[in-house]
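First chain A sits with chain B, and in the next complex the same chain sits with chain C.
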Partner chain A sequence: MGRFVVRRLIQMLLVMFAVSVITFLIFNVIPNSDPAVRMAGRQASESTIEAIRKEWGFDKSLPVQYVTTMQKVFTGDLESQFTQLPVGEEIRKGLPRTLSLAIGAALLWMFVAICFGLYSAVKAGRFADRFLTILALVGISMPVFWIGALMNHYLGFKLGWFPNGGYVELTEDPLDWAYHLILPWTALAILFIGFYSRVLRSNVLDTINEDFVRTARAKGLGERQIMVRHVLRNSMIPIVTLWGLDFGAVVGGGAILTETVFDLQGVGQYAAESIGQLDVPPVLATTMFLAFFVVLMNAIVDILYAYLDPRIRLL
Partner chain B sequence: MSDTQPLLSVEDLHVSFATEEGVVKAVDGVSFDLRAGEVLAVVGESGSGKSVTAMTLMGLTRSPNARFEGTARFKGTELIGASEDDLRQLRGAEIAMIFQDPMTSLNPVQRIGAQIVEQIQTHGGLPDAQARERAVELLEKVGIPRARERVDSYPFEFSGGMRQRVMIALALSCDPSVLIADEPTTALDVTIQAQILERIRRLREETNAAVILVTHDLGVVADIADRIAVMYAGRIVEQGTLDEIFYDPQHPYTWGLLGSITRVDRPRPERLPAIAGLPPSLADRPEGCHFRPRCPHEFAKCSEVPPLEVRATDMPRHADRCWLSAEQKRALREVRPGEIGLHGKEGVSV
Partner chain C sequence: MATEPALDQAGLQGPAGWEEEADREHAQGLGPWRLGLRRLRRNKVALAFGALFVLLVLACLAAPLWAEHVAHTTPNENHLSDTIQIDGETTNVVGLDGVPIGPTWQGEFFLGADPNGRDIMVRLLYGGRNSLMIGVAAAFMTTVLSIVFGTIAGYFRGWPDITIRSLLDIIWSFPVIILGVALGVALALGGIQIGPLSISGDSLAIPTFIIGLVYVPYMARPIRGQVLSLREKEFVEAARAQGAGPLRIMFTEVMPNLTSTILVFFTLLIANAVLLEAALSFLGAGVRAPNPSWGTMIDEGIDRIATAPHLTIVPGAMLVLTVLSLNVFGDGVRDALDPRAKVRLEH
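Then we have the complex of A and B:
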């Protein structure tokens, strides 16, 4: 197990390096124009452009440019060309918000999906199953910005049951924190609940007919024990993989819409606003940061997967 | 053995499934008794209803389309139609089962020991340490080397034969009085087969458990069975002791079965004899004797269903379902002097 983890982490570092090179190329080399001009933003003076060119080493060779860029990204020594605010500081401020949203939503969608998926599988073909199937399809089909806006408008603005957007620090007031996040969590989770409960339902139905489930029954185990220890555990393996990847994807960009609709001021919203302003340094930094997060989650998922399914460890 | 009360007594068991092709009668009036310490082999080809019979006794025939009739009394408890809760008390504790495919019958993500402990604790309530100790003992007993280390292995770390031993250990864990083995050696190679059968035999001697051995392999049967029930198309067509069935078979289907095994003590035939024709579809079976369309000795009476009863007066427990007289049978079954078999039927190809 230890060797597997080490090997997987080394692989992760290699992927991160590749990601950084590709990001660098996309930002500074592929657009066939002077990177210093793009970096300086609109209506920049000749002297500003010259200063940026010196600072980022755009007059030097590509490897030197790459190293300079990475140094700037990783030391947090970047500032927005638009607001002059330090990028690192902005990301640090946005990260707890983005993670609050993503972790809460991920727990919510996993929990509800397990309940729905299991129930649907146990009642396969009956009314409850069909009802949940339709519900899942509706959930999958609703875009998050639309359902988010509806919830915000009706439950937040019209009925006043929930705060109309905004964010409260967890450390400040945990209850208020959760209260502010209920709508964003739900809006983000709905799509995944629909999807996950369908996948889990079919996995459970496949697993239920496995020989080892018959063995479990022949051992005299109770129905609940059979479902949880034998059926669910085996059906969960693919779902957990999916979960980690989706969680990474949500943090790495998937939550942009939700953050914006509910005005949570997370990393995603920061990235979206910076893109709107063609503000290159924050876009570069958030891209790198979120891509790294996805890669990290991938590694964690693989390690978790090896824990869940012992057959993986040999590979 | 014959004067003790039977441990398990199955009477007129019917299992049918409603399918799109009509009602499939998988088990059609099966009756047998099982006594402690006895090995009953249920023999028949695929689809003869032998596995369904075994599964039904455990309440493991789980289909919403299945219908059950008849009785199966185990130590005074009725098994057919018993509640899930009652069956759960018996499963694994009183009646245990070994399945055909050891590669898929163990939970792939649970340690071997944990799977055994789970069963022990379901029925016994032993504390963790003791249950684990018992699991190690059981693994040693079924011949797993270095059992103390291997108890923490996963099934994928074991070969097929080893896994089947684990299945046996699992089945033994609560000292059941009946062990149902559904083709326990079919998925294993011949040398492992012999070892597994040896295990089952030893188990029977040590614990006096009764064994129902479901198989299509007459070689396995000859090795270990006390009594044999031959099944064809959902019915038992012949039932008797090992010697009676092997040396004095009464039903033409049994002759065909015995005639179609290779024997080292006889000259090798050009072609391995086979019974002409195919078994009937269980949804649409012939009237009367089910073997009639394939039987070269068919006559008018065969359109009535022959009851399973003792027909040869010199063998009080040897019953069969064939209208021919015992004398006729003994004359007809010799394909060559001293050799039992079934002639091909005219117009029916192999």
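Then we have the complex of A and C:
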């Protein structure tokens, strides 16, 4: 186990290094123009451009530029080129919002997907199953920002059942916090409910024919107990792995669209807005921060998985 | 990563009962393709949605016909100060308060207008052409790249495998949307110049290229896995014993066995590519104005959702219909060709 963990962590660090190189290349090398001019913004004087070029080392070779950039990102003294706000501070402010959204949505989609998937499998082939399957397919076919905008407009603005966007701190008022997040949670969860309920349904259908289920039935266990204790528990393993990976992916990118539509001001929205204005310092920091989060989550999931299922360690 | 991409075996028809049926059909001595076709023909829901997709594509292809003969306008033509007759009454296309007209259900402005007085129906059809073109082209690019990378990695193993796999792992660990938006903005700045080839920043080729690239790991991994197991099969060994080289084995022995996976993936990839195009355009890193696409139309619509919700609903509904029809049809194809296939795309 120890060797596996060490190997996986080394691999994680390598991937993080690669991610940082790619981020650097995307924003400083691929664009077909001088990065210093771009960073200085419009109507910048020649001396400002020259100062930026010096500061970021754009007049030196690429490896030197890379090292300078990374130093700036990791010492955390970056600030936005337009608003002059410190980037680290903005990320710290946005992170609880992004995590609130992602954690709530993850719990919601898991719970609903278990209900739907199990019910669908028990009723396999009947009307309820087909209906839920179609529903799941509709769910995975809808862009989250579209359904989010419609929910926000009709349920929030027109009917006034829910607040029309905005965010309240959890520490301020937990109930109001949840009330403000119901619509974003639902919008974000819909897609995953579609996926997970279908995966769970097929896992349950596979498990139901296993010998140990027949044994449980032969022992005289009740149907409910068989489904929950034996079938569901065994069908959950692949889903729980997926859950960890998807949670990482949602924090690291999937939440951007939801945050933007509901104006939650999380890290994702900050990243998207900075990218849109090509505000290079926050873009570098947020992109790397989010990508690192994904890489870290993947490593954690792998290690947990190896801990639960020793066969994985051999791979 | 040690965990394999998710499995999704559920379809419109459950796997239960497949095997008995498959046995019965095998007894009649039908080939896998005939068998698949026969199963697909029995799946009426999948066929209906497949037909719906074809209809949507045809409608978008007919965009110029509608524009010229029914709507009498072009996708980018403004009608800010025009009026039209509805039930004998003269109405402004765009009201004095800037609110555009809703669906009129007649030839001109069938689905209403946008704040510039542009005909939504015409833009919807032209936008569909862009969205679908990007979707199909990106899916094609992903498929070709995945086959090349997956086959090379799986067939040669060793260092090509390690190189390709780590490359894919890195793309994989980037959140799809972040990578897409970042590349979209970076490339749109000055376009791309590769030797004599130059692509301008607002070209549709840029979103196509990005979408085609980010999905490669999702498809190349399963293909590599299949090739890994195929190369150990007896028929490959037989071919090798006959003196066939690696290229020949890949094309004539391995590739035909990948066809059903590729077919299913291709359908689902188009659906996901169309969705990703919409997401990128929504974030301002996809199709650039004034080019219409369903994504840009939704993006423009959301700003006006309070006064003119049809601007959001119409392109979104069209997008959902298209993606849904592809998803249901793709699901049916997978169930028909290979009920046990493990295919899934996400995000």
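Rule of thumb we're sticking to: the second predicted complex is superposed on the first by the 286 of 315 C-alpha atoms of A that agree within 3 Å, B and C clash if a C-alpha of one lies under 4 Å from a C-alpha of the other, contacts with A are read in each partner's own complex, and residues count from 1 in each chain.
Criterion: a residue touches a chain if its C-beta (ideal position, glycine included) is under 8 Å from a C-beta of that chain, and two chains touch if they have at least 3 such contacts.
In this text the structure is predicted, and so the values were computed from the model without any measurement.
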{"item": "First (chain B), second (chain C), both or neither touched by A:110", "value": "neither"}
{"item": "Touched partner set for A:193, first chain B, second chain C, both or neither", "value": "neither"}
{"item": "First (chain B), second (chain C), both or neither touched by A:216", "value": "first"}
{"item": "Which superposed partner A:233 touches (first chain B, second chain C, both, neither)", "value": "first"}
{"item": "First, second, both or neither for A:264, with chain B first and chain C second", "value": "neither"}
{"item": "Touching partner for A:142 - first (chain B), second (chain C), both, neither", "value": "second"}
{"item": "More chain A residues in contact - chain B or chain C", "value": "C"}
{"item": "Contacts of A:101 with chain B and chain C, given as first, second, both or neither", "value": "neither"}
{"item": "Touched partner set for A:183, first chain B, second chain C, both or neither", "value": "neither"}
{"item": "Shared chain A contacts, counted only where both chain B and chain C touch the same residue", "value": "none"}
{"item": "Residue ranges of chain C in contact with chain A within the complex", "value": "1-3, 6-16, 45, 166, 169-170, 173-178, 181-183, 185-187, 189-193, 271, 275, 278-279, 282-285, 298, 302, 305-306, 309, 312-313, 316, 319-320, 323-324, 327-328, 331, 344, 346-347"}
{"item": "Contact footprint of chain C on chain A as seen in their complex", "value": "8, 14-15, 18-19, 22-23, 26-27, 30-33, 38, 124-125, 129-130, 133-134, 137-138, 140-143, 145-146, 149-150, 152-153, 157, 195, 198-199, 201-203, 205-206, 238, 241-242, 245-246, 249, 252-254, 256-257, 260-261, 271-272, 275-276, 278, 283, 287, 290-291, 294-295, 298, 301-302, 305-306, 312, 315"}
{"item": "Contact set on chain A toward chain B in their complex", "value": "210-212, 214-223, 225, 229-230, 233-234, 237, 308-311"}
{"item": "Touch list for chain B against partner chain A, complex", "value": "58, 60, 84, 88-93, 96-97, 99, 101, 104-110, 118-119, 122-123, 154, 156, 167, 170"}
